[in-house]
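In the two complexes below, subunit A is the common chain; its partner is subunit B in one and subunit C in the other.
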Partner chain A sequence: MAVEARGVGLAGRAGRIGTSAARIDGLPKALGSFAYGSDLWEEGMLYGATVRSPHPSARIRSIDVAPALALPGVRRVLTAADLPARRRYGLEYEDQPVLAEGIVRYAGEPVAVLAADDPEQARAAVAAVRVEYEPLPAVTDMEAALRPDAPAVTEVGNVMRHVRIVHGDPDARADVWVEGYYEVGMQDQAPLGPEAGLAIPAPDGGVDLHVSTQWLHSDRRQIAPCVGLPEEKVRLHCAGVGGAFGAREDVSMHIHACLLALSLGRPVKMVYGREESFFGHVHRHPARIWARTGARRDGTLVSARVRLLLESGAYTSSSSVVLANACTFAAGPYEVPNALIEGTSVYTNNPPTGAMRGFGSVQVCFAHEAQMDKLAAALGMDPLELRLRNAVHTGSVLPTGQTIRGSAPGREVLERCAALPMPPDIPPTDRDRLTLPGGAGNVGRGEHIRRGVGLAFGYKNVAYSYGFDDSCEAAVRLERGIDGPVATIHTAAIEVGQGLHTVLAQIARTELGVDEVVVEQPDTEIGSGGSTSASRQTVMAGGAVATACATVRERLLARVVEALGPDAARGPLRLEDGRVFDGDVPLGGIDHFLDTPVEAREVFHHRPTTPLDERGQGENPHVMFIFGAMRAVVEVDEELGLARVVQLAGVQDVGKALNPRGVEGQIEGGAAQGLGLALLEEIQLRDGRIANASFTDYLLPTILDMPPVVSAVVEDPEPGVPYGAKGVGEGSTIVATAAIAAALRDATGRELNRVPVTPDELAGLAPARTSGGPAPIPDVPGPRAVLDYR
Partner chain B sequence: MLVRLNVNGGWREAEVWPGASLLSMLRDDLGLWGTKNACEQGECGSCSVWLDGELVCSCLVLAAQADGRHVETIESLSHDGVLHPVQEAFLEAGAVQCGFCTPGFEVAVADLLRRDPHPSEETVREALSGNLCRCTGYEKILDAVRLAADRMDQVTP
Partner chain C sequence: MEVFRPSSLYEALEVRAAHPQAIPIAGGTDLMVELNFGRRRPEAILDVSRLPELQVIGREDGRVTLGAGVTYARIIRELADHPALAQAARTVGSPQIRNRGTVGGNLGTASPAGDSLPVLAVYDAEVVAASTAGTRRIPWREFLVGPKRNALAPDELIVAVEWRQPDGPGSFSKVGTRNAMVIAIAGVSLQLDTAARRIRIALGSVGPTILRAPEAEAFGAGILDESGAWADPRAEVPADALGRFGELAAAAARPIDDIRGTAAYRRHACAVLARRALTWALDDRRLAAG
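Moving on, here comes the complex of A and B:
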């Protein structure tokens, strides 16, 4: 069945750009027939499972696999001693062991993998592998990890990277200063679809891996050396992806399944259960942020001094870039002429962290927006007015020295947000109890309710930055179909649920004037699509498909001219409604000119970017920016310490909405994840161990937690990209947490400097978080990743 | 052990281990992949099915408990590719993103509208509070429920 997913294209017939075209994958998803990674099946397949360390830091004294191998149905157990080739992998640095070698650095680290005839046998075998550990001291606090006497988590110490941004005169004098300390807990992406894939050994000695992922080519680059094969013999095929949000940017079961399949010569499927999923992917970086913001009496910002720590956990993943993002956006989307921003990502024996929607911007937005509200209060200014006065615009210079050259309609985003309708304020006694804080649990009666309103404004880069060229390749074929011309799109760009493939089809319909478009399943038979992350695929895959379509159109029109003679065409030739037009005169169906298909393959690159220098400055660190604003209305029952969000009103800067309903879906879904971080979602760590690795204990927002979301978009086209469209995936996630926290402060008058906010904090039973002062600056040179110095 | 169920109108049987859930029997033994496995502890509703007409999380029911009983899955909602009004409404309202929660939600919504053709917003929220969606923020799912209720109302006044 799996392999029903192989090479299958999904077809759609209607909707150009700018329309809310139906999802190209909608029908199979609604029917329940869409094949996700966990639905794959192949004749004779075995089931893989992973033995994981229960200790956050330990030496492995011995591993005895014999008791597991003695169990019925168990075919193979692999440990580090069995690895055939490279032993470490990683997204940015190869620092993560495929299987632990002598040392484990976090609780949940893979120590052995095995395959059995059925999942129950595999589970029993995991319990039967005997691993003798010698526990070692664990570093489970990021500030403790920076102390000179802290045990070293990695061979290079505990500092992953330090970034320093110095802009203007950081000692500039201001009339008013406000200070704050902020903490962000560890959030999980929690896509509903578990990590899953099926590795099938191929007759040529290679392997085909069908897997739910965000970036096939990055996976392959990491898998191939570890299984000892050249990249061309490791063929990846995207299985249906049940949400991602950053969790699938790293390799999970990929290498393990390929190793087992290759060593056994049989297909091996691996699917993580929910508990294992919490150990099997990286999480959002916990943050500690110390901020000092200075302004003139009239509200004009003068200086931002920020020091921040991000916890990388035991391995690097994308921590170095998340840190760079957190630092470059730490002062917020405001003109700040003077800034000193110092950030450090720190290794600990907690689970590794990496990409999650918002990628460093979420954490700093929580801090810079709290600072703006403090400043507004200190100045006696309206918080909206203060933000409007300082918001960046095209031509503004950012703390990195970068001048914004593209679209930056921040002020319009803020103004539109403030103008969205407020929710009705119905007395608690006149309402359904479900609408009260605590009402769903039948504990709230609405006697002690206070309403609060908060606003947040944030921004983020689209696509990859700091000199990285994250291109995307697309192949487009136009041919004669049964009912007319059909365009087929092939890229390696992954649809994770956000609607990318529908948008690609809309682009092809627009560019080629056809109705029917097939989007093939992504695989590594074509060049990299780059990651489905950083809100980049509308720009990058969209750009590649638009460019390839333009080449197809050019080639087709050349055929038309050839067929009709050079003098036949009087006006500009164009394609529309399945026909070729000469100006307004139809020349005939596109079909007519498709005796053989017309094909084109193009690679799209965004404008080049530049790295940060040793002072954190750069000509062009980021390609382009998206801006988001959100207003939250909350109600808090102070006796119960319970809150309910009444409404979220969000506005996002999207360049152009290629599929307006899809954009709304991104704004609403992103807002829900921000609400989760504000009030519910945190991985609870106890001495390095995850204490809530289940949906019973890790609380995702339900339909009872989510309020109505009203939203609007600002369409200010970005120059130099197709249709002026920017990305849309991250804007609302960045601002929702900060907006809700601000509203909770407004309702309670409390400081609430940590998210997720707890009932004790809302009820005044737990004080605000304090810190002895900014963490020390590590003794490392410059802004580059420490590992670069090896 | 041998378990025999009536699934979507036909009797099916499979040899399962005594601890097997109804979910695992449907997926792994009967090839009905539309019922999804997201949490396997009754928190997310992705595996919602009807057992003798009652909405259950199939991960919390032993296959053995379902022996001799009637099970209806997401595959029973559509007939020969003709969508149930709830499925149509999910597509039209934009309630489908990654789609992993979609079958469970559609079963739960169809169940709600069978019992209460005109649910208030609070009723809908309460009825669907056992189904998690990580993508949509639920706004479009609520739209889909309203749309489906209106449509079904017109069909059967």
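Moving on, here comes the complex of A and C:
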């Protein structure tokens, strides 16, 4: 039973850094014994459910919970009137109501929560709660939201944040200009595990929440004030996470389950179904981007002028930082001496958006790479050549004024990518028809197939930026086990399926010379691990574990010296293969010195960063960068407008691959998610309502859509971080969409300036997207960088 | 919820007569979705998945009988001489769905996106329905009466579908945005009936129900006549005539815009698929003729 797995760590026995050590969670997941959040169970628990608004914008006239309470098994219904303490929460701003108060701002917003004896009763009760709404005009278009006469979505209007980056002379003259307008639809993270958690009231008046999340401490910071408890009485424990991709950065059912559990004095479990999951988390920001790129005749970039809008939806979530990222990366990984980048994130009555893998850089990469291809065409230059000529490197100055001081092997990434083997070009008429566009649909025998090749190059920051004090704490204990020394790692850093805990075990094995490592389930008994996002945990949790291991080693070696006397040691003492060595001379098993365990606790911080100023400039807005390149080969049935990606070839700059197979997995998974955005994945909104909240109509790539991925890594160590390793989680997602779009353009000769690309567009039945020109700059008081993460 | 699990058709029909509110369940790949989404809460369920009478694949005197309980996986394996039906079965869902889903369920749901239905339409099949009162054969053109509605009486079960073994090539093609596991945006089935010198074509997902395209059928038969292709498979049929055939087929579509696709694209896809289907049928005959 899943409950038994709560709080139990997973152990692995072999593999130092640099090896493809087996995943410590691999076997349990493959065998089905791994406990995910949705598997949680506790004696006497109730099931929670949420009443959500069907309207994108409405006034709540009245709520009648009596009919629900009259149903069998229904124990409690809570509305805004029942909230015991703070009524709003949020990742950056506390702007999201725990339960809607008077007004609903998006379809799907929680209005009431309830608990019943079983899920069926809870569902029936949801339908029985009578909410009387007075629909209000809804703002469901981000440009419309900026018009002066648009109804205000929030108390502060419709401009969430405006960022302006002015660099060099934006009016600088160029020989050649290319212009483009681009749109990106709303992608869903679609983690296979839905939002899930179990809140258990504790005898001390506090609550224990077991929950699938990306950042326990950020959740707790938001939960505690809303349930009216001090933080130490709100204890969070990570429940097995079935994928995240940004969808679990925000609070979903956390506060609701805790409120119900505390008010009833009974455990309450909440699990969203797939449909509810579409309403239960934020999505990727839809974007509109207007770009003008200027270059000298020899291909040297002169200027980038970018106007971009990101749609924040009804609440803020992480929109202010996603916007800052989109703006700082809008000109691409290129040296551009002059730039004017103006970005606005806009409130609308559409569902809220926030973190998703790539975090603002996916949208701008789609635009800047299309611009680079247009420029190459205008100059009659090879697209690879143009990119190589302008790629940033260590020492380059970015549009924010930041000088890249760490590793930046962008050119090598590009060159390696271009050199990866091309797929075989078997004539379409001679192939298994499943491999043709249309796949299993049997739509062709190889007629009207056109092949296209596209390239994309992108970059992104690792870890948190703009002056946030980003850290992770780790505790490491080394003790005598049944067959040798065992190291136990405790952090609050979440494994979301990407392999972090395996890498942490590899680090401990490397640093302590032991085989057996146990990684405990993350919880709030230790200091914050920071978010498992921004490609940061290999660096941050890895850094914390490496540092704590170094301290453990020092302490252990001090014991060794003490036991053997100061003169015994001739060479440097080291730990390897479970033994202590003096130079090359083994002194005995590590066990031998472990009559009592050795422990250490360390907090790892990365180099400090700085905020953006009024002109979007900063000494050090980002701490380090990762670069990725991808080449896509596609085939399009030009009559039917159906596409199949034939191959994705990606190269990623990783500093050092701590687990090469894990890195490969990240490259492939990220490429699949980018493919989804290029061709399939979009939350379709109709008047603010999600029209495809299911996997029947929100189409994720299947194995027939996802081609083989050829990948390679560039290992150029980043100074100042353990092993020189950078993050690896986002690189391929950033570039895959742009590369596939470029390949589709190559195959069809069409503009394709919006993703996901539709069959209508590929077949020439629908024209490219047009715009009446860049959105006006909003009249707001300057580009305040309003970061309040704590 | 009550669950009846009869082991013979006779027993099942008695349950059906006594409990008309009991909803039949075969593979459950449609019904369980309805239950899970809370769209349906039947008082009782009648499991027809273990009725041996529904598992039959029979061939007699040029007639083919396909039991309502035969799964797509079995059709792919056992009806390879019916390329259109086997292809339609292959386009359905994923391996799990093909292992459970049945033609009887496709007929029961009667969705315009049911992938076996355009094929049964071009086979001009009859649906065999039974009740305790007896068995009747429902001609294809009377079976589908509207979107997700069929001509079955409340006390009847679908036992089988029957048709005359087609004499000539046929195919099924389906367009969806994704390369597998996708609900059709448009589906086209075409069957040549060489003996009768007729072409039958049916369209799925482009109207309230499965649509035949009589004008295209007549035109297609005509161009094969004119070019002499009925008699001589090697005879060339002009490309523009094939294109015209596709357009006439598309003209029979009555598509709408929805989240899965636009009406314009659906119509366009019908034209392309119909033209390709007839082209392939002629190619296949030519190949068979050597």
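Operating definition for what follows: the second predicted complex is superposed on the first by the 781 of 790 C-alpha atoms of A that agree within 3 Å, B and C clash if a C-alpha of one lies under 4 Å from a C-alpha of the other, contacts with A are read in each partner's own complex, and residues count from 1 in each chain.
Note that in this section contacts are C-beta pairs under 8 Å (C-beta built on N, C-alpha and C of every residue); 3 or more make two chains touch, one makes a residue touch a chain.
For clarity, every value in this text was computed on a predicted model and none was experimentally measured.
In the superposition on chain A, contact of A:444 is made with subunit C only, not with subunit B. When the shared chain is aligned, subunit C comes close enough to touch A:684, but subunit B does not.
When both complexes are overlaid on chain A, the residue A:696 reaches subunit B and subunit C alike. Of the two partner chains placed around the shared chain by superposition, subunit B and subunit C are both touched by A:704. When the two structures are aligned on the shared chain, A:149 is found in touch with neither subunit B nor subunit C.
Judged by the touch definition given at the top, the superposed model places A:779 against neither subunit B nor subunit C.
Residue contacts after overlaying the shared chain place A:567 against neither subunit B nor subunit C. In the superposed pair of complexes, A:595 makes contact with neither subunit B nor subunit C.
In the superposed model, A:641 lies in contact with subunit C only, and not with subunit B.
Residues 440, 696, 701-704 of subunit A are contacted both by subunit B in one complex and by subunit C in the other. The part of subunit C that touches subunit A in the complex is made up of residues 37-38, 87, 90-91, 94, 171-185, 259-262, 264-265, 268-269, 272-273, 276, 280. In the complex of the two chains, the subunit A residues touching subunit B come out as 1, 20, 22-23, 25-27, 29-36, 38-39, 41, 119-120, 190-194, 240-245, 271, 273-274, 432, 434-435, 440, 496-499, 661-662, 664-665, 668-673, 694-696, 700-704, 706, 708-709. If you check the complex, the residues on subunit B that touch subunit A are 17, 19-20, 24, 27-28, 31, 33-41, 43-44, 46, 73-75, 78, 81, 83, 87-88, 90-92, 94, 96-103, 106, 120, 122, 124-126, 128-142. Within the complex formed with subunit C, the subunit A residues making contact are 123, 275, 437-445, 447, 639-642, 644, 679-680, 684, 686, 691-692, 696-697, 699, 701-705, 758-760, 763, 765-766.
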